[in-house]
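Following this message is one structure expressed as structure tokens.
Chain lettering (A, B, C, D and E) follows the sequence in which the chains are written, and residue indices restart at 1 in each chain.
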Amino acid sequence: MILGRVCGSIVSTINHKFYDNKRLLLVDRLTIAGEPSGKYIIAIDSVGAGAGETVLIIDEGNSARQIVEDETAPLRSIIIGVVDQINPTT
Amino acid sequence: MILGRVCGSIVSTINHKFYDNKRLLLVDRLTIAGEPSGKYIIAIDSVGAGAGETVLIIDEGNSARQIVEDETAPLRSIIIGVVDQINPTT
Amino acid sequence: MILGRVCGSIVSTINHKFYDNKRLLLVDRLTIAGEPSGKYIIAIDSVGAGAGETVLIIDEGNSARQIVEDETAPLRSIIIGVVDQINPTT
Amino acid sequence: MILGRVCGSIVSTINHKFYDNKRLLLVDRLTIAGEPSGKYIIAIDSVGAGAGETVLIIDEGNSARQIVEDETAPLRSIIIGVVDQINPTT
Amino acid sequence: MILGRVCGSIVSTINHKFYDNKRLLLVDRLTIAGEPSGKYIIAIDSVGAGAGETVLIIDEGNSARQIVEDETAPLRSIIIGVVDQINPTT
């Protein structure tokens, strides 16, 4: 899993019914220091993540399909959690 | 999922019947700022994407097979949407 | 599989029941020389790995699901071992 | 899928019967401009690709197994087409 | 598939029974010119590869599970061959 920050949304015409009424978010991947990297991923949201929030993303089709409870979903990347805190070990 | 811009097409002799009459597009991956990166992916098209259009690509075999509704398709990358707008959060 | 060093933990609100009471660790990937690379992965722990320990991570959904013995787990990355020694061949 | 150029072959002793009489090719991945990148992939050939030819490679296990029509094949990367032309959009 | 050179071994305590008596090798990925790259992978060995040998690695779970003939193995990376020769095309 990876950490990201929600930095935008995508408006796209997708014909597959799975994407009806799904929000597509633009997520900037975070570095280990918690800073935006400029590398991104487009993910759907399963937790109501808002702009600027730090999120946890899983990027694997079978996992994403389990989260949405739809084994036929054409889906790879999904936000599964809002990150409350990153605790470095020192 | 990733964002790309259609920048060409590939003419290739593929023997597998799945590829009969399929368009193979050369898609330049976009940066988070929406600019071409020079990194590319070859994808089939499921939405009638045209040259120069910004598209949404899913790069996972099982998802791609769901989109084409053929569980035996030898396929990993497919254009699933034309992007109308990228809305940055500011 | 890859080598990493546990360098933190993540506090996140995840709604899926699989993540109830699971520790999410921030793991710095190690270079071939055994040094932290600054590239990381978020993994769950299956071995009681502690802060600063060198660990072995498997980053594939089906493998991770075998380790937790739950074929429906939305999971890709898991710590499967604590590394006692890296023996270079010279 | 990705584009590559056949730049060599590998002689290897593999015990699994799937690899009996299979040619293992060294393929240089091409840049978006069609130039060799120095990054490579080892793939089996399904189309009789020759040295120096530009090829289309699919790098996903389930797709590769569909091409060889053997669902038990330990295989991830396979050449599925010879590229006749790359048409840039201008 | 990728080429690597065996450059070490890992001693790790893994609780899953699949890893009982399995050798975990540290393998330096080779460049297209056959030189070590400093990027590595941890793989199990299925061919008795020795230190310093050039090997062929497959890095996909389902393929690896076919090689070990255990569909429940939590495994992604496996050495499937010792490379006798790399023949560049000139």
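By definition in this document, contacts are C-beta pairs under 8 Å (C-beta built on N, C-alpha and C of every residue); 3 or more make two chains touch, one makes a residue touch a chain.
Quantities reported herein were computed from a predicted structural model and do not represent experimental measurements.
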Could you tell me which chains are in contact with subunit B and with subunit C alike?
A
Computed distance of Cα centres, subunit D from subunit C, in Å:
32
With chain centres defined as C-alpha means, what is the inter-centre distance between subunit A and subunit C in Å?
20
Tell me, which residues of subunit C touch at least two other chains?
61-62
From subunit A, moving on to its ring neighbour subunit C, which chains come in turn until the ring closes?
A, C, E, D, B
Touching residues on subunit E, where the partner in the complex is subunit C
6-16, 19, 24, 26, 28, 38-43, 51-52, 61-62, 72-77
List the residues on subunit E that touch subunit D in their complex, please.
1-3, 31-32, 46-47, 56, 58-64, 66-67, 80-89
